[in-house]
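Each of the next two complexes has subunit A plus one more chain, namely subunit B in the first and subunit C in the second.
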Partner chain A sequence: MTLLEVEGLRVKIRTEGGEVTIVDGVDYAVEPGQVFGVAGESGSGKTISVLALLRLLPRGATTSGRALYGGRDLLRLSGRALRRVRGRELAMVFQDPLTSLHPMMTIGRQLSEHVRIHEGLSRRAALARASELLAEVRIPDPKRALEAFPHQFSGGMRQRVAIAGALATRPKLLIADEPTTALDVTVQAGILRLLDRLRRESGLSVILITHDLGVMSSIADHVSVFYAGRIVESGPPPELLSAPRHPYTRALLDALPHPEAEGRGELQAIRGLPPSPRNRPPGCAFHPRCAYATEASLEQVPLLRPVGERRLLACHVDPFAPGP
Partner chain B sequence: MLPGRSRTRPPRVFLRFLARRFVALVFLGLGITLVAFLLTNLVPGDPAAANLGQRAIEDPAAVASFRERYGLDKSLPEQYGIYVWRLAHADLGESQQARLPVTQELGTFIPATAELALLSILIAVVVGVGLGILAAIRQNRLTDHLLRVLSLTGVSMPTFWLALVALYVFFFRLAWLPGTGRLDPQFSEPRHRTGFFTIDALLQGEWATAADAARHLVLPAVVLALYNIGLLTRYTRTAVLEVVNHDYIRAARAKGIPERRVVLRHVLRAALPAVITVIGLAFANVMTGAVLVENIFAWPGIGQYAYRSATTLDLPAIMGVSLFVAVVYIVVNFIVDVLYGVIDPRIRVA
Partner chain C sequence: MSLLEVHDLEVAYRRQGVEVRAVVGASLSLERGKIAGLVGESGCGKSSLARAVVGLVEPAAGEIVFDGTALSPLGRGARPRHETRLQMVFQNPYSSLNPRRTIGSQIGDGLRLGGGGERGARRRSVGELLEQVGLPSSAAGRFPHQFSGGQRQRVAIARALSVDPSVIVLDEPLSSLDASAQAQVANLLVGLARELDLALLLISHDLAIVRHIADRVFVMYLGQIVEEGPTREVWAAPQHPYTEALIAAIPHADGSGTLPEALPGEVPDPASPPPGCRFHPRCPHVFDRCPTEVPPLYELGAGRASACFLRDPLGPVREPTTIHEGVR
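Take a look at the complex of A and B:
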């Protein structure tokens, strides 16, 4: 049973310079207990595409497409139904742990408010629950942490608190938007282990956003690579990362500092800049930066099509197709 | 990790924060007495001339005894020394006009002003903050535009003009509300306890008197509030809009917290320091506005007293009023500072 099925998700935002398409037709499915990775450069629409699912888009944004969850379309929920899904079934951890906790409320209050609203617990029971949650994400001395304010914690600890908050009501799907980007490497590893453990222990599904393919390979079951508001390639990380088919995926991998990459010479930055949503190139949005682009790439938007076992690719050229 | 001591909400840190604020308060208070003293003594003009009758001024003996009586024959530092000494004994001298102790006069005028000012600020805060939130929620929609026009009108219309219009419409034309004073003549003042007629009358069980006192408060309090309503609407709107796009507000929504609660608990809390700053300013505005409003509405408060003392160069009275105003400023500032610390835990440590 698929947990979440996104079809043709499109997000447009009205700005002073007119309406821009930020997310331009995205399809994917998340299975129960799966970590679904979303990779891509800054500005490719990763955050916007998940904010759309929870209806947290900035003012002036319009959404089209479908996002089926438990037989309902998330994009059409409102009022009470939406609030019941938000935070109870779907939860989100935000990109920057330094800004995603309320600076003027104690940790205990922030965690217990959530539990009380969804489960109608008493203040006392909710606080006890909050302290369990903090223990679960390995915050030392949870009882005292309840009384503390966010600024008294380090970034890594705050991200753990944010995760504890997101998991407070045992959601089925956790959306984690670059939960480790702002943190240093050891802390990063700790958070990823935590997500992995929760997935194994409680069957949690995770949409994990990161522009770091290294992080992906260690935890994700399936990876989608975003470029300019679209998915250009997707597949299971071992295959995708060892044999990328899309020139963009390959370029991303080459840009990654790899222990094994040392023999292969210098790090390769991707030439050029990602296009802004305002002036996206026609055809394949990657073509101006692509060494393999052809006539077709300039004219037609390549569609995402299956290429082998659980793999999808959106490229007219497919220069890295395995030989016959 | 957590720093060892300050992990829980530490009363120690908070007490130290309070103590620091308090020391600042004492120094400010001392400075204020000096400034109040110098300002009132350096103004040109001869109090004797302003207060003695024509005949007395021509009599050197009368002038000399007047000067002696008010210590005007001594040097400035001596006068200041005497002033502070008396101040320490709650003695502000005698007013030259009424020949009554200034403290006694202040005691009768301050409650009238306080009742008016506090009600006016309450109105301004409730209405201004409410409208500010509303404008922010309806950003760039019709309500927001209307509120912008309204708040601009509030801050740009001169208070005396608003007062006259209000008097004309609600008293003169519609006769819905009384125009002047604190009570209609058929009522006698309730026995003084707080000096607030509404509260005193309620405490005595004199319902009709309380109602009449309340009706007399409406026009001056609302007129006095209009400027602050405009100010608070604009600043609250800005403060709320600054906060709503923060991730922690988005996070609250993502948790399925009802929108009302998100706005009233999460957004407002974060916007509160900015709003409280403006409420502090509102006190200052009310003190200034009271002079005009009290004179127009014949409200027997400190504003009228100030006006009368200033026009007669009644130095002890002027000093008394300045001191009172200064104390209000200082106390309001102190409270605002402390509230910052109460609301935002990050400030206590700094």
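Take a look at the complex of A and C:
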């Protein structure tokens, strides 16, 4: 059964210059035990679209659409019900783990308080559980780590601690926003392996936001590519990354240095810049940067439609459709 | 002779009264018209080495020879004219540009300094510098916040170019940029190195981009250069287990669904480095020599070198006694 179903999600933020649409009608579904990848450049609305699910948006933001989780609409839950779901069943980790860890509290106190509040354990039982959590995310010597403060850990270890905190209440869905972007590749590999193990062993679902298509490729079960607040293409990574259908997805892949490629020609940058949410082009928002745009692209917003097994595409032209 | 040579450089600082050696006897050289990449995990001393190279920190030992002259560390006064030809670009251009001044006036500062080098006579205008980094000359009247991240990094590069440098050290110039902006700035760097005959030192934890644009690569671990060589060869056949691990940890955007290899452990605290080979506690090939002896950087020919006992020309395994005989 689908864990989370998002339909027609729209987020508008009021600014000095009027109301700006950040997320402009997004639909997707996250299955249990699945890593659902959200890819795209900065400013594409990927982070805002998940903060909206947790109702963590800044004041002045309005959200419409539906986000069905266990038969309830997250966007309409209020007060206690919202807090219960958010602390317990949905958890979040950020790019910089220091934003979610208290600098003046020991790791043990932070983790155990979290467990005590949500599961009503005694102080002693909560500490034991905190130690278990640290062991689960492979922190060496968990007993000693309980006594330590966040600054005493390296970036990779801090991210492990933040994940341990997020897992404290055994959530069903973990939202991870660029969790490895600030880390070295060697440490990143460890965190990806950790997420993979949690998914396999405890059926955890993960919404993974990253601009790194290499990270996507190694762990995601499904990828949605965001551009200017909309999903332009989605599908399983093996097909999506080896045969992208949307010109934007293809351009993103072409901009990457290919480790295995022998040639050392120029990297293919995408011409122009991503549009600001204040100033999104009409029609297909990618058209000013697209080499394949037609008149239809200038006039009509392309709808996300199925193109083969589990794949969706929003492009009028579909220049990379497989031949007959 | 190389344009810039670093010999046995040591950089040390004090942390809570304890001396920490961030760079321990590192040597490297930069050539005109070439890009050298310096890679390694955070905490390996890359940035300390970079800062010492441009004279922002005083080395504890060793020597930096720039165009035949030993470099003096940057003091309180003005920097010697010829040393303005050594420039640095940082990761976050937003913090190195003044938010309240137009970018034209900031680039103009460098032009007024006049540069010192042999090309100093060839005065260029702000507009020409902007065009050189791929921005329209009309951008001169705008402020830093009016640019995207990639454009701001171009502005920072234009400012570095304004004093007519011959060496630019770039500390993670691409890591805060999206893929497309990263590709543009990477292409720009290659073009500048070739056209202006600049020597670039590119510090990055992103091996894929270094692989793509650097001619030579230096791999650093815990304050030491552990491997160096032409980028393509190092990539195709790494000669140090650490380089091997770094390459294996890169995820590939090929849709194959293979998880990258994690390197166990962490970079140890430079205040108390492991004895012997500094990499031995994390090395999958560790053997009895590694914890007790310090491996020298073995020259392997064709410009390659590795600091690993597995590359010892006399064979990896030796009785300790033979070494003492050899020394005496």
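Points to keep in mind about this one:
Simple rule for what comes next: the second predicted complex is superposed on the first by the 318 of 324 C-alpha atoms of A that agree within 3 Å, B and C clash if a C-alpha of one lies under 4 Å from a C-alpha of the other, contacts with A are read in each partner's own complex, and residues count from 1 in each chain.
Everything below uses one rule, namely that a residue touches a chain if its C-beta (ideal position, glycine included) is under 8 Å from a C-beta of that chain, and two chains touch if they have at least 3 such contacts.
What you see is a predicted model, and the numbers here were worked out from it, not measured in a lab.
Partners subunit B and subunit C, once the complexes are superposed on subunit A, both fit on it without clashing.
Of the two partner chains, subunit B is the only one that A:M92 touches; subunit C does not reach it. By the touch criterion defined above, A:R170 lies against neither subunit B nor subunit C after alignment on the C-alpha atoms of chain A.
Looking at the shared chain after the overlay, A:G155 reaches subunit C, while subunit B stays out of its contact range. When both complexes are overlaid on chain A, the residue A:R278 reaches neither subunit B nor subunit C. Within the superposed three-chain model, A:R76 lies out of touch with both subunit B and subunit C [touch as defined at top]. The superposed model places subunit B and subunit C at 80 degrees from each other around the C-alpha centre of subunit A, with the value given to the nearest 10.
Touch criterion met: A:G190 reaches subunit C, while subunit B stays clear of it. By the touch criterion defined above, A:S217 lies against subunit C but remains apart from subunit B after alignment on the C-alpha atoms of chain A.
With both structures placed on the common chain, the touch criterion links A:R200 to neither subunit B nor subunit C.
Looking at the shared chain after the overlay, A:L240 reaches subunit C, while subunit B stays out of its contact range.
The gap separating subunit B from subunit C at its narrowest, counted between C-alpha atoms of the superposed chains, is 7 angstrom.
Looking at subunit A, you'll find residues 154, 157 touch subunit B in one structure and subunit C in the other.
On the subunit C side of its complex with subunit A, the touching residues are 41-43, 148-150, 178-184, 186-187, 190, 205-209, 211-213, 235, 245-247, 249-263, 266-267. Subunit B contributes residues 1-3, 6-9, 139, 245-248, 250-258, 261, 265-266, 269-270, 343-346 to its touches with subunit A in the complex. By the touch criterion given at the top, residues 51, 54, 56, 58-59, 82-88, 91-92, 94-96, 99-106, 113-114, 117-118, 140-141, 144-145, 147-149, 151-154, 157, 162, 165-166 of subunit A touch subunit B in their complex.
If you check the complex, the residues on subunit A that touch subunit C are 41-42, 154-157, 184-190, 192-193, 196, 211-219, 237-242, 251-253, 255-260, 264, 266-270, 273-274.
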